[in-house]
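Have a look at the structure below, then the notes.
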Amino acid sequence: MNKVQPSIENALAGIKDGMTLMIGGFGLCGIPENAIKELVKMGVRELTCISNNAGVDNYGLGLLLQQQQIKKMISSYVGENDAFERQMLSGELEVDLIPQGSLAERCRAGGAGIPAFFTPAGFGTEVAEGKEVRIFNGKPHILEEALTADFAIVKAWKGDTEGNLVYKATAMNFNPMMAMAGKITIAEVEELVPAGTLDPNFIHTPGIFVQRIFQGAVFEKRIEQRTVRTR
Amino acid sequence: MNKVQPSIENALAGIKDGMTLMIGGFGLCGIPENAIKELVKMGVRELTCISNNAGVDNYGLGLLLQQQQIKKMISSYVGENDAFERQMLSGELEVDLIPQGSLAERCRAGGAGIPAFFTPAGFGTEVAEGKEVRIFNGKPHILEEALTADFAIVKAWKGDTEGNLVYKATAMNFNPMMAMAGKITIAEVEELVPAGTLDPNFIHTPGIFVQRIFQGAVFEKRIEQRTVRTR
Amino acid sequence: MALDKIGIAKRIAQELRDGWYVNLGIGIPTLVANYVPEGLNVEFQSENGVLGMGPFPFEGEEDADLINAGKQTITVKPGAAFFDSATSFAMIRGKHVQLTVLGAMEVSENGDIANWKIPGKMVKGMGGAMDLVASAENIIVAMMHSNKAGESKLLKTCTLPLTGVACVKKVVTELAVLEIQHGAFHLLERAPGVSVEEIMAKTEGTLVIPPSVPEMTL
Amino acid sequence: MALDKIGIAKRIAQELRDGWYVNLGIGIPTLVANYVPEGLNVEFQSENGVLGMGPFPFEGEEDADLINAGKQTITVKPGAAFFDSATSFAMIRGKHVQLTVLGAMEVSENGDIANWKIPGKMVKGMGGAMDLVASAENIIVAMMHSNKAGESKLLKTCTLPLTGVACVKKVVTELAVLEIQHGAFHLLERAPGVSVEEIMAKTEGTLVIPPSVPEMTL
């Protein structure tokens, strides 16, 4: 049983048309950029993608949108993508918008065997339509169900041969919960190290949640909003 | 606003008779041993203690049981304590036994603003009595509600002046969730360091969850089951 | 004279208290961080997973792995912490964040807020706004008093799809500071030189005006 | 001859598969870790927050901060990870652990298990057992065929308060390996030299016996 994949093709083997994928990242920060490019190459279609955002026009999940490989997006914010807008307005693309905290918690719940939970987020809005409402501590909450995926594809800073992962700074974001919620979880890492290299006290994603791991070839790490101050 | 407490008396100030306390630890591992001794000294009574275990006869929460300071224990396993057994059988001590995973998740839920969630644990057992049952994915689950506490007292390996905490090995256990669930959270640490000392990538409990922090005077760190192999 | 965006941010910064954890939305709210009163220790949380944000980086020191919820490159102060999105919203939903400042398209006199969707226009999504407004104890809306068409944004009832219900506590605009209580906007302060009449004219929702309305001091 | 505890552990170890994550309960189950077949990579999870447990420490190398769910001092192997109790039970409840081995006081023919409480006796609590049995896809019970009073522990219906319902898949005792299916114990193997008659005599629940019952090979 070796989690380390000899190639990116091996790492993504088995992803098929019509599947549900979770893709880590917030904006272009912490996305599995090599795996996304490989999905374009594979040409898998009719995908349901669970991802906080939808990339930008020419990067991240935007690349899959350009090729019309995505049937449905489940996200909290999708504002940086023209292809997205066109496909949504034309009805080609289904979109399920979810409050960001509910999205994160629904992924965690999916990985943690919690089928549903109550949250105040979205009560009284269209997000609550069709959902059970219950009062706790005098305050209305709505019932939200867990999310899972056929494959979760996450991106980490370092990973070891046991599948243990650590993330850097805010590139962590949705990756840990999605790693939990994939039936098969694929980790793309900047640096693959032998078991025993990472300090067991400081593992963000224990290897039990990761079935396959590979070192990405190139990390462009594009910046969406470069903001600086003058010296 | 200074989270660092000049003394253990200051750290525990405001804990009063009849309050609900969460106390971190698993067995005697990772318990806030200095704070527990101080609670004995303070003589607060009629406490409801949420803690996975109840200590042993002469250490940990067992010290509070000896002094009959506890009215009710909410735990998953309480098997190592004679005072406990006597007080429970005599009816002096109320006991609410909760499956360990549900206890951990209920504390996390309390800290995370999730008032209730469904879990399969305990369905068909006396734990499920009086609780709502609902089928998800063909499997019955029960609804469990969040736990919170007037004060949570946790123990960490290192902590900084901002309240950021890191734990060592399996001494982490319930401490992170309880830190989230306390209205006021008090952290007892082995080593108190200046802000900026701990790597922000590897903080187990972000300081936002911790209102007070102090360095414990003495850590006995008793071992319950010393098991060794021969060389 | 009506405030500019910086003025609004400066006025909101006066609401900060020592030891608070604060979440700032995109736009005017982000500017609040620049005007924290001297001597106050305030920590800024960004819902993408950071506590203890510092100023923007110097040119050449940007790190693609270190951004805020507006996707801007940032830095952190000593004592910062990074965490995942579930933990981040645990902080928000669990009321560990003492103040949320965000923008809005409409606010109603009972504290409803609409700030995520205009029917018929491209929908970008609510991001973290619904979680923030549903949970925060203390929500200040930073916005202009009127929209580009000159219509009041302080309404009896919101016309746009809601982000949250009965949650906004305070509104700071270029003209005034208003508290929402008992189904009405209570005028607390007016911008220097702005008349009560102008505020009345530009507020569609019920406005409660005390005998004397002080000018803001910035 | 009936197996001893080590024999039971050895037989259960034959059920392990390469790449599995396994949770071992207190008592006989703990011993299973000593008999992992050569060449298999199996990781042991302990619900107090560790993955990748190794052998007990050498004397003098015990660490009070490093224990298993039985509160015994342990060590970890390279590639181990520590985590909090919520994450630990996320692994368990979320079915990331492929096998759970635990002891029992009673098991019924439909897979119910009772292992935490005897009415009238001191109740110690269920610990993590209810979470484990409610979630694991694959549960093996390791226990003696009869209790100290000589009564069968493989029953039509459990008499003690339940830990979980219809969850046990396999039972390994000092006498036999039995699979639970369709409301009956199916006899798969018998301990070396133990007769089918003895197993029949000591099993109160419905027992399905195939024409030929092989002896275990240990």
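By letter and in written order, the chains are A, B, C and D; residue numbering begins at 1 in each of them.
Here is the rule we go by: contacts are C-beta pairs under 8 Å (C-beta built on N, C-alpha and C of every residue); 3 or more make two chains touch, one makes a residue touch a chain.
Just so you know, these numbers come straight off a predicted model, no measurement behind them.
Chains making contact with chain B as well as with chain D: A.
For the pairs A-C and A-D, the larger set of C-beta contacts lies at A-C.
Each chain's centre was taken as the mean of its CA atoms, and the one lying most distant from chain A is D. Between chain A and chain C the centroid-to-centroid distance comes to 28 Å (mean Cα coordinates, whole Å).
Chain centres here are Cα averages; for chain A and chain D they lie 36 Å apart. With centres defined as mean CA coordinates, chain D is found 55 Å away from chain C. Distance between chain centres (mean CA atoms), chain A to chain B: 33 Å. For chain B, the set of residues that touch two or more other chains comprises 105, 108, 112-114, 119-120, 167-169, 200-201.
Across the assembly, chain D contributes residues 76, 82-83, 86, 89, 92-93, 135 that each touch 2 or more other chains.
Interfaces, counted as pairs of touching chains, are A-B, A-C, A-D, B-C, B-D. For chain B in complex with chain C, the touching residues are 1, 108, 110-114, 160-162, 164, 180, 194-196, 200-201, 203, 206-209. Against chain A, in their complex, chain C makes its touches with residues 46-50, 55-59, 61-74, 82-86, 88-89, 92-93, 112, 122-131, 134-135, 161-166. Across the complex, chain A meets chain C through its residues 26-30, 52, 75-79, 85, 88-89, 95, 97, 99-105, 107-108, 119-127, 157, 167-177, 204, 221-231.
Interface of chain A with chain B (complex): residues 105, 109, 112-120, 134, 136-137, 141, 145, 166-169, 200-202.
Looking at the complex, you find that chain D touches chain A at residues 18-19, 21, 41, 43, 45, 51-52, 76-83, 86-87, 89-97, 135.
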